[in-house]
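In the two assemblies presented below, chain A is common to both, partnered first by chain B and then by chain C.
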Partner chain A sequence: MINKPHVDWFALSPTLALIGASGLLLLVSVLAPKRTRKPLAATIAGAAFLTALVFAIALTDKSAHGAAIVADAIFRDRWTGLAQVLIAGCGLVAVLISYGERWREEHVGEYYALLTAAGAGLVFFVSASNLMTLFLGLEWFSIALYVLCAIDIHLVGSLEAGLKYLIIGAIGSATLLFGSALVYGATGSLGFDQIAAGTHAHSGLLVGGLAMVIVGLAFKTSAAPFHMWTPDVYQGAPTPVTAFMAAATKVGALVVTARILVTAFPSEQHLWTWALAGIAIASLVVGNIAALAQRNVKRLLAYSSVSHAGFMLFAIAAANTLGARSLMYYLIPYCAMSLGAFAVVAARERELGAPVTLENLAGFGWDRPFLGVAMWVFMLGFLGFPLTGGFWGKIYVFSAVYQHGWWWLIVVGVVATMVSAVYYLAIVRSMFLRDSVELALAPVGGAPSREVALSIGVAACLVVTVGSFFAVQPLIDAAHAASRALPF
Partner chain B sequence: MHGPDVSWYLALSGLMFTIGAIGVLVRRSPLIILLSVEIMLNGANLALIAFARHFGHADGQVFAIAVMAVAASEVVVGLGLIVAMGRRNIELDVDKLRTLRG
Partner chain C sequence: MNTWLTTFLIFLPMVGAALVWLTPFSKHMAGAVATLVALLEVALWVIAVERFNFATGDLQFEQQHAWFRDLGSSYHVGQFGFSLWLIGLTVIAGAAATAYAWWAGRERARAYFGLMLFLTGSVVGVFAAQDLLLFYAFFEAMLIPLYVLIGVWGGAGRLGATIKFVVYTVAGSLLMLAAIIVYGLQQNTFDLTQAMTSGNRWLFLGFAIAFAVKAPLFPFHGWLPDAYRESPPEVAALLSGVISKAAAYGFLRIAIAQFPEPAHHFRTLILALATIGLVYGSLLAFRAPDIRGVIAYSSLGQMGLITLGLFATNELGYDGAVLQMVNHGLISVSLFLLAGMVERRTATGEFALLGGMAKGRPALATVLMIVGMMALAVPLSSAFAGEFLILAGVFQHGWGWAAVGAIAIVLGAMYSLRLISAVLHREQGSAVSDAALDLRRAELAIIVPLILLLLVLSAWPDAITGHSFGHGGLVAGIQAAFQAVAK
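On to the complex of A and B.
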């Protein structure tokens, strides 16, 4: 007789909704008539992310007392729940952004099936409570994303992005796996809680394993010096996929990094806080300096995402409740701003049929005032300007590192923010402030059909970006409730 | 327990991981790079299995079996991409994949 673990189906419901929809979408992509395929597939994918969002909100509400469930394989608590809410929200907006892509007629069903599968993987990944579920979750969403990056199979750039992401992602997972094996060897257990409680007889093994686990996760957060895939993949992947990756993958990887370090390695805190601070500073330096040199807007935003990974790693490096809270809060406007910025890039790309650079953004703000103003707000949000959630995000991160006693990190962060103003404002400048000679040179966009879905997505991002500034108290309370699930 | 001590297995798995990592860094064909990544993953698998035997419980072995399935699906995606590139007559050399630059 095999003892079967008790399965908490409610805790698995966001994952199940998404993976179920993924299977359904694969059927749609072969069974539905060609004409109805696109709206049907997009509706199912959108409904799946919406269902997952509702389940995740209910789960967050009903999981005040965190616990490891299903044979200690996954956590059911508010830290997981809130991250799932964010990921499902990102997926919903990604569906809205994807709808207008023109080339996807033939693989439209498969595209949405992979998008929901990636969402399911991420939602599962953030609930991981042992090294095996961690690795499986990571590979689950990564493999779906490798295919999504390369789905525009007629473009060399898309294939190249897929292959680069696959190779570098696989190196990252292999490193994470070897680190997990070393941690298992040092402690004799795979569960995060048991690792923390385990005897540390072979501390050399444990420290080596910890280092490799951090490196493996840093590949996914795209923190320097493990970021080299980011600009190429963000540039080559179809823009809606880039938008989803930039937002949702970052949520998953950062939330899990915080979880595993705090839960499984509390006694090595003196080591990993320094390691993360180093990685974060490297990300800020590399991300901001490299972004200054970019002309391609997707590459520029990729380097900007590297530098934001640096800010969010500050929050984890602070290793206190305030840090965990500020990480969760920071992710809310960050997701909205990245999704929104890439959505605007996608809109311009569809008009031009060419990659968006700072040059051909010229006059875009006057042509399409709504998208132009939205992009302006997202850029100010990335910069950490008041009236956007990015402002409170940075303030909270800085106060967390100050509480840890690292005032010099604040200096680094402020200098990085000042440097980043140059390239964020360069985007705003090229949209609005070009003289008439330059504007005359700008390619005329023609008259593309108005994309209602994309505009709704951008509007939602705008509401969250600005709303998270004004509604900071309820959001920070939710983040606080989530951070209480972590044992500080 | 019969056979060599767990440290020998660990040394071998570390060697496999290193060989794989060197292969990834120096080879230029994506096929060989995928092969090298497999060697890295299998190095980690060997360590998992050796530790599972050392501790006398099955956790590590279950993990290793799951990793094999995952590694196989990852390679399928990789080979699919390589075939797609081959059909488009793109030279299979990672140093020459330079469409995406800034």
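On to the complex of A and C.
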């Protein structure tokens, strides 16, 4: 007779909504007639993410006192809740961006099924409270993403992206798993809280395990030097998938990194703060310098996401409650900017029928004023300019590291930002300072900029990016509530 | 009403910008609406002057709203006497520039005029912000429209010019951002009215370099010639007339007021750089081959002079610097607009191709002559008053500064006269055709009010020098801090 744990169904509701929709979507892809398949599948996926969003918001609201539930497998607290809100929001926008993509009809149901499955995995992943659920969640969303990257099988780049992601992702997962085993060996427990309670002396086993856990998660964060898959995969994957990965995966990986380090390894803090600071600096250096050389916009944004991983790792490395708050806050405009930027790239890609480069963005801002201005705002946001939440995000992260006593990290961050100005403004320059006539570009394939779903998605991202500048305090309050769940 | 006045001044142009962007106006209509908004802004400023109490040196029209409580940052705006004058300069120059752009007929009018209004609003915000992060937000916000205004509507070399301009200014302002964060966290507030003074020299340098780039001061002026040459004339007018003053304002309001000890420590260095900039800029202006080159480099010299006045750190110097900021703003806006008007007629600003334009063009000759005379600071002009005060102020730190400054003023006369004669006199240049018209009525309507203002200031410089700081308040605090440091 096995003891059944008490199951808090409400805490699992975002995951269940998404995984349920995933199953339903698989049925749709078989049963629904070809004509209605695409709108039906997209509607179901959108509804699923919306439901998950609502559940996650309710869950955040009703989880003021954090607790580990379901036999200590997952956390129900606001840190998890807010991350789930973000992921569900990302998924919703990703569905909007995906709708206009010219999927081959037979894959459209499966695409949305995998997208919701990846969402479910991420939503589960951020709630993990022991090494087992952590790994389960990681593999769950990763496997869905491997397939999503390769779903456009007629595109060589897509296949290559999927394969590359699979192999390197598998190395990351294996590292994480190995690390978890070492940690378990050192402490005899899997739960984050118990690991913290069980460690007193520094054992080599534990430190080795910790290092491997950090590395395994850094693969998913795409922080340097574990970022090598990022440019190829971001470039090769279908753009809506890239958008979802750049935003939601980053939320998941960073939120979990902060959680596990703070909750399970407080006694090793002096080690992992330095390790993360090192990884963060490497990410800033690699991301920013490599981005300078890119002509392909997706690749450029991929390196930019590496450098932003660096900024957000600063927040975790600060190891204080201000850092946790700034991470949560930073993620909000960051997700919006990433999704929005890739959405604009997707729009241009559909218009041209070719990969988007700095050259063929020329004149885009004047031809498609809404998308152009939106892209401009996203780039300024990445750069940390005022009128976008990126501005507060950077300042907040810098405040956190300053509070930790690392003023020199501010200098590193500032220099990195200076360098990043060159390539973010290069995009603005292409869009507005050059004329499309100059390059004699002929748009192909009708007028996809009138695509309503994508425009709604971009508008939503725009609202969040700009709104998080003006309404910063309410968002900080939410981040503040979330960070209280972490034991600082 | 009074508490909202500053906020209205900041956001009226911004709302106007949104209106121009979003409403499908025709090209002509967009210019008309933007000019109307800019004139309303001037009217609003006149109301502010009328209600301002010049007797006290305290912050007025103050408004504060919680914004980012977590970091101790708030929406806090207000005006001192001198900020009121600088805001006045901004709105008047903004109106002149917008009206000129309307008359000149810019392509992609809605985007253009929206950006001009947005720029005006953000510069007003810089002069009004009393919270460091808000100040930084406006300071950076100025860059957004400038980048596009130069990059899209500029001359042939505009791409290079924008890159240089952006790299310099972003580098400078990010140093300032680092300084702001550290300073604000040390003080536990970003509010300038609550933060204590600090003795941290690194923080001072972070601010000082950012302002030195923006002004620009020697040796941070690398972006200046390209940006001033490649911009549309009305944007160059705002850049040199107004935006450079944001830097000078920053020196006074932040670098000097909040960091008296470091300002005292670095004073000789900054005075030296300012003097070098003054002489070097004036020499380059004398050697420049085109109209815009002369104005650009003379701006470098004049910003050096203004900095000289500010870092004299006495009331003569401050009064002179504020007066000279307004003077130079009005003069350089007029000169750039005149340069634009000449270039429209001849398609060039090269002195080698110009000349003899006075013949048959009395209005142009008169206007350019008057502005040129103002620029060379003939006695009885407001520029003379400003320069005299600055030199008198800096004299207290050694006669050498004042002597070199006086020599540079002679150089000022040389380049101004050279500009006047190269455009108006000599043989008729090859680019000047007889068909080139005299100034049109619309052009006169833009330029004459600026000249009238300069004449008023010449007759009554005390309007500014006597109404900038009042009793007590900011400058009294600065002087007390400096006396404490000097002991």
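Remarks
One rule holds in what follows: the second predicted complex is superposed on the first by the 469 of 488 C-alpha atoms of A that agree within 3 Å, B and C clash if a C-alpha of one lies under 4 Å from a C-alpha of the other, contacts with A are read in each partner's own complex, and residues count from 1 in each chain.
We take it that contacts are C-beta pairs under 8 Å (C-beta built on N, C-alpha and C of every residue); 3 or more make two chains touch, one makes a residue touch a chain.
Predicted, not measured: the structure shown is a model, and the values here were computed from it.
Contact comparison for chain A: of chain B and chain C, B touches the greater number of residues. In the superposed pair of complexes, A:F178 makes contact with chain B only, with no contact to chain C.
By the touch criterion defined above, A:R295 lies against chain B but remains apart from chain C after alignment on the C-alpha atoms of chain A. Using the contact criterion defined above for the overlaid structures, shared-chain residue A:S189 touches chain B, although it does not reach chain C. When the shared chain is aligned, chain C comes close enough to touch A:W392, but chain B does not.
Touch criterion not met for A:T43: it reaches neither chain B nor chain C. Judged by the touch definition given at the top, the superposed model places A:N320 against neither chain B nor chain C. When the two complexes are overlaid on their common chain A, residue A:L163 makes contact with chain B while staying clear of chain C. When both complexes are overlaid on chain A, the residue A:F135 reaches chain B alone and has no touch with chain C.
Legend: residue contacts after superposition of the two complexes on their common chain; A:Q473 is shown touching chain C, with no touch to chain B.
Overlap of the chain B and chain C interfaces on chain A comprises no residues.
Residue ranges on chain A touching chain C, taken from their complex, read 325, 366, 380, 385-387, 391-392, 395-396, 398-399, 402-403, 407, 410-411, 414, 417-418, 421-422, 425, 428-429, 432-433, 472-473, 476, 480. If you check the complex, the residues on chain C that touch chain A are 66-71, 108, 133, 136-138, 140-141, 143-144, 147-148, 151-152, 158-159, 162, 166-167, 170-171, 174-175, 177-178, 181-182, 185. Residue ranges of chain A in contact with chain B, taken from their complex: 131-132, 135-136, 139, 143, 146-147, 150, 153, 156-157, 159-164, 166-167, 170-171, 173-175, 177-178, 180-182, 184-185, 188-190, 231-232, 235-236, 293-296, 299.
For chain B in complex with chain A, the residues that touch the partner chain are 6, 10, 13, 17, 20-21, 24, 30, 33-34, 37, 40-41, 43-45, 47-48, 50-51, 54-55, 59-60, 62-63, 66-67, 70, 73-74, 77-78, 81-82, 84-85, 88, 90, 94, 97, 99-102.
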